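These are the structures, in structure tokens.
Here come two complexes built around chain A, the first alongside chain B, the second alongside chain C.
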Partner chain A sequence: MQREDIKRQILTILEDSFEFENPGLNDNLRDEHGFDSIDAIELLGEIEKILGFSLTRAEKEKAMTIRTINDILDYIEVIASEHSR
Partner chain B sequence: MERRVVITECSAITPIGYAKDDIIKSLKEGISGVKPLRDDGLLTDYIHSRVFGTVDYPIAYDFKRLYRKTMGPVAFYACQVAKDILARAGLSQEFISSGRLGVAFGSTHGSPSIQRHIYKTFFSNLKSEFSSIGAVDYLKSMVHTTAVNITRMFGITGRVIASSTACTTSSQSIGFGYEMVKYGMQDAMICGGADEYDTTAVAVFDNLLACSVAYNDKPECTPRPFDRKRDGLVVGEGAGAVLLEEYESAKKRGANILAEVIGFACNNNGGDLILPNIDGITTTLRLALEEAGIKADEVDFVSAHATATKMGDVIESQAIAAVYGDSPLITGLKSYMGHTMGACGAIELILTMYMMESGFIAPTLNLESVDERCGMINHTRKLTAVDTNIAAIQNFAFGGVNTCLLIKNGSAVS
Partner chain C sequence: MVNIFSPMFFDFIVTAVLWFYFIGGFFLFFLLFYLLAYTLSRNRELSFQYLNHLFYKSFLRLTKLLVPKHSWQIDQDITKIRSSVIVCNHVSYLDPLIIISLLAHHKTIVKTRFFHMPVFGWLMKNAGYLPSSTDKKFTFLMIKQVERMKEYLLKGGNLIIFPEGTRNNTGNTGEFNKGAFKIARLCQAPIKVLRICNSDKLFTPGKFLFNTRVRNKITVELIGSIEPDYLHAPPTVAELRNLVQKAFATG
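Entry: the complex of A and B
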């Protein structure tokens, strides 16, 4: 899975489901888009669909440090690469 | 410390309209909000009662996703009527978030449609690897979802009371809110209740043989409170909210006083959870008069609970006759829209205030031939132009809970 492809999917989700307006890759999700803990849990469900497998509890907890869209993309890349080993 | 408590704003979403003028028009022209039961793809085929008090007009919600994401349909109703009263009241955000404004709001059991969605996940998608209960499903469906979605949307930091006592949900909300302000715990309260379109409630009453089934092809002819040909209740949906304020501060800020809450009583039958109880109901009505410090003959109008069940209406008539005799006008407002469950107390109080303000009392719809067992009280049989000074709104719930609210016409409050 290419980063560009992941980015396209995540931006679509953030714009369509989370109603982000003009999301920037380094925007602070909470401060600039009102993204909260409820949204984080909902987004993890969407990320599981992109990845095609369920995240473990430990993997989900790692996601709680995410602050930007770039962080989301890094997170997905790392998890995907760990699972492909 | 005992303080006077007034109602300064109200809003209702009902099967007979949302705007005040639409509701008054329906009451004056005898227009029913009872419609055919909609197919829900689950229970409808098993239910004998095919009628429902339906909100079938569009409501232009304008809630940001930030707020929408924790709201089921019942919270949409609740937040909309709360938004209406706050917008009209013009209270400062400083006061709204001061901790001196609280919320007393409830529903029968949160959001049944969201609960249904959760159960579908349980039973249908177990094989799906990625499905889970959404993070927000609990927030949308929990029993205090209406109250706390209101606090969230407007930044309200005062007390939260989330009554959930079926048909007395919102009358309790208003009564408990009144007590909060009266005894100085809060300076103002947003009070009310809401319930969404829900076939589960219909199925429950249907199985108890308490739902109307004889007018499935003529929905507007049922329910028929106090009528010989009544055959049970009709479940409905809607919401009602009122703003209660301490009298002196409301007067000081120049608020329009719609009514004063002068008395509230709430008790329990202490026994059977379903059957109406003459002693319990009579006691409630008397306690409310006592609390208000008024005599029975000062009450001009009684909004009866009047669900149109066979025994409920008879027992209620007996209780009204025992307390009030045949003096006040009696109307069963559910005849226009069915039983809006957790919302009914608030909606019936708001409709009573609309009628008080407009100088009329609407008749009980579909009351063509009074059941002789209900004949000892003064039924409103036709649209009546009359000044109402004091009105009683009474509601009784499964679980044996009874409430009575007494209000005085705002034009007479000084």
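Entry: the complex of A and C
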């Protein structure tokens, strides 16, 4: 899965489901878009759909430290590569 | 020297009796049932919720008995609420107890620091209550509870939230956190709006003693029922929040 593909899907989700307006890849999600832990949990469900498998407890906990869209993309890439090994 | 004829002295006695029941009554009358539920119940969360409901109900019965100058008017339709996110204003520490005493199957969001308390934290964790923030130790608890919330609500449970986040007895509702509305939208659940009044006259924020001496009427009303069409016209979080604020302004 290419980073550009993931980025496109994540931006669509953030704009359609989380009501983000013109999000920047390095915006602080909490401060600039009011993205909180409930949003993060909802986003995890969307990430599982993108990846096509369920995340483990440790992977979910790790997601709670995400601060920017670039962090989300890094997070998905790392997990996808770990699961493909 | 303590003046036993002082009106404050009666407040002190009532407060002492109520605290004694809150702590001693729990250990004397309820702890055994909690332990049985913990070890034997097929659905531990529901059993703990029911026991919490009974415990607070008994505590408030005793409160009503000891403070007859305070009358109570509670909308009995509240006891029939199912499968909903319930939002309520918050004026006193008594408010969660009052609402839980009305609903056998409930979850609620509690400040994370309370989960660290011995016994109390154990009760809340086993009842399936949610911490208000993702404190490291409770991160997965919150994830698990939010993920399961839709199913819990579909099965008839309720989620009680005080969206102001803290007690506010200014007379007006404060700023609402978005969490309640995000969960309602995520779970596609109806929102019931409750207004609680004058519980702060009985147990005032910042004061240790119950005020038994004023004539007061504590009311709990169901002032709004919001049932969005999530399938065909899903509302935004801001729209849900506005609808609830409107219910408080007009209800």
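To be clear about the criterion, the second predicted complex is superposed on the first by the 85 of 85 C-alpha atoms of A that agree within 3 Å, B and C clash if a C-alpha of one lies under 4 Å from a C-alpha of the other, contacts with A are read in each partner's own complex, and residues count from 1 in each chain.
Keep in mind that, in the parts below, a contact is a pair of C-beta atoms (placed from the backbone, for glycine too) under 8 Å apart; a residue touches a chain by one contact, two chains touch by 3 or more.
Predicted, not measured: the structure shown is a model, and the values here were computed from it.
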item: First, second, both or neither for A:Leu25, with chain B first and chain C second; value: neither
item: Which superposed partner A:Lys60 touches (first chain B, second chain C, both, neither); value: second
item: Which of chain B and chain C A:Glu42 touches, first, second, both or neither; value: both
item: Which of chain B and chain C A:Gly34 touches, first, second, both or neither; value: both
item: Overlap of chain C and chain B interfaces on chain A (superposed complexes); value: 19, 34, 38-39, 41-42, 45
item: Residues of chain A that touch chain B when the two form their complex; value: 18-19, 34, 38-39, 41-42, 45, 48-49, 53-54
item: Chain B residues within the chain A interface of the complex; value: 64-66, 69-70, 129-130, 132, 134-136, 139
item: Residue numbers on chain A that touch chain C, as the complex places them; value: 19, 34, 36-39, 41-42, 44-45, 57, 60-61, 64
item: Of all residues in chain C, those that touch chain A in their complex; value: 133-134, 139-140, 142-143, 146-147, 178-179, 182-183, 186, 236-238
